[in-house]
């Protein structure tokens, strides 16, 4: 190795190490600044009360409306996306298994849809709402977020169902099961924790996104009390509180951001744990 | 031993974590002969080959101890110039892995690493090595095509030519014909027989008949141990160990 | 025990699957159609070229020039990619070629967390950290007067947001390159860096381009975080320290009043349609690259 080559390799290796630790450092800074700013303003009151009159000028109250609203919205959307998504993922992996071309086209379409920005879903949801004469509401929000997380849900389930060994399927056929029994009994059981992981992943996506619900879910200071009522969400509540000129309200935005980040971290921790277990219990053929 | 010894392996042990892959290996590999390392798959043949050109360095989980002397110097010593060392040996792996470049550049890249930058000389040598590997006539008009467009058999011969282009003294071949059709395999075997006048060839295989066809020396390995070694007549004609007899008889493979 | 017999259950399950599948398969077309119908009102009165290249944005007097927003989006996206691309490529090579396996086990959760942090939180972090950094340190140091809310701030926040996305693809690509190819190059006497430079990167090139393309498409449509730090000024930016406005931010900022001005809603839906078209276009092109990569 010549001197020049040695220097070149050294330079690039240092750059690589720098890039890697840059990413880790940024992550640390983000987590630190959210915690440091947010933790001061988190209080029991904030987590358990809805905004009182004048909340956005610094008066009392909390963001319970947004917490519950976000949970309701993300749960609803996850359930709906699951109900639509699971059969699609199963259909791909059980019924279309011999039609490689068709599977490829559908996977490609799903990847295309996955790439569409959430604001586009928001705008689309809004035009649907107008079309059906709906008001901004929990229902409209759920429908929009469902569309948005559907490709994520299906593709993650699909990736897991793909790993179900052919031998297992053959064994089930030889016992006389028909295709839909194989799909809903064998495949779902074999990939159970993987499917839950996919649902949690989609839930995390759904709860964190603001652009899709901006048009459709509306905003309210009250607790969600019906599918056809507007509902508050955490990302929007952060956004609104942050736009307030009152420092105290801004601090609450930081606290709300901390709450949202924690919810998402917990969900992702859960899904990671499940993912690990899934790998351990996987049957190998 | 009537001829000069090129490679001496002494007390070579290789661990992957707690499992031992190679146990107290002692082998003498004579110069300008074909030495075949024979044994069922999973017995550590490939690992042994990777020790010879220190590709084991790539796998941090492997612990290598012992000595491998090539022309009298131990190559397992860390300060050995590993790039020079690897250029002393051409490697041919189980499946061909052409570099993602044109056919011509696959050879030219090896030449460049050897320090040959002159275009005319490069040109001459590319042709020379392709001829040596029995490939030139087939592809002389396709030199600027990506190497991945060649057939598997052609790719393997291209890899051989590439291995020769670093001007090695030793050729390491790890079941080079296992992915090939019979005709291409025959090409490779014939090329080896021609090359052994100038090179020391170490060939790993589990195909008995291939060993019989081209080996001068045979090393029989089983589960990380060398069971028996010697000239092809000795090992095939009059095996001393029970395991060798069983293997040659086809009881297990 | 069951309401239906086996055959009936099969029929129900099957129908359910087909309906869901059709819904999903037609989703991109539905999206396109829905947005197109809403933006027809605008497209009837103005030519596409006018809309895209006209610079005046005055919805109240019927002037809809999207040029400043398109330029803003392009700036923000490109500058973000200038940061993301080298950082991700270097990191992907480092963690797949130079470190032991346990390092990836540290990196993966870190990447997951970065990917999980919501857009609004990124925006908030941008306001807290990046904007003041630019206005108080970077700007003065470069001799520029800046509010901090700028193309650069948006690009930086955006680049961090798409890092996990791009990095994951790149790591997968480098891991899918067979070990034997590396061994082949090394056995010729190449150094590790030469192997990476001449062989691995070349082998991975279509995949690398695709990863960057996917990242670009994702960055182009990102809304909340950008909206919070980009400044939202309808003007053609002259430098990265100027504030700007992006297409997604335009939609998100004005949804409240879009019903009050004629054709305003139609204009915003047109903006969404543009985003959709860009996203579909990029993903289509990159898909082609990935397909080529797999054939290599």
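Here are a few things to note about the model shown:
So that you can tell them apart, the chains are marked A, B and C in the order they are listed, and the count of residues begins at 1 in each.
Here is the rule we go by: a residue touches a chain if its C-beta (ideal position, glycine included) is under 8 Å from a C-beta of that chain, and two chains touch if they have at least 3 such contacts.
None of these values were measured; they are calculated from a predicted model.
Taking B-C and A-C together, the pair of chains sharing more C-beta contacts is A-C.
Ranked by how far their CA centres sit from the centre of chain A, the chains are topped by B.
We define each chain's centre as the mean of its Cα atoms; on that basis chain A and chain B are separated by 52 Å.
Per-chain Cα centroids separate chain B from chain C by 48 Å. Chain geometry summary: the mean Cα position of chain A and that of chain C are 17 Å apart. Of all residues in chain C, those touching 2 or more other chains are 191, 194, listed in ascending order. Those residues of chain A in touch with two or more other chains are numbered 1.
For chain B, the set of residues that touch two or more other chains comprises 83. Looking at the complex, you find that chain B touches chain C at residues 50, 53, 55, 58, 60, 83-84, 86-87, 89-91, 93-95, 97, 99-101, 109-110, 113-114, 148, 159, 162-163, 165-166, 172. Every residue of chain C that touches chain A in the complex is listed here, in rising order: 6, 9-10, 13-14, 16-18, 20-21, 23-25, 27-28, 30-31, 34-35, 37-38, 86-88, 90-91, 93-95, 98, 107, 109-110, 112-114, 116-125, 127-129, 160, 163, 167, 191-194, 214, 217-218, 220-224, 228, 248, 251-252, 255, 268-269, 271-272, 275-276, 279-280, 282-284, 287. Interface of chain A with chain C (complex): residues 1, 5, 8-9, 12-13, 15-20, 22-24, 26-27, 29-31, 33-34, 37, 84-85, 87-88, 90-91, 95, 106, 108-113, 115-124, 126-128, 131, 147, 150-151, 154, 178-181, 183-184, 204, 207-211, 214-215, 235, 238-239, 242, 253-254, 257, 260-261, 264-265, 268, 272.
Chain C contributes residues 100, 178-191, 194, 198-199, 202-203, 296 to its touches with chain B in the complex.
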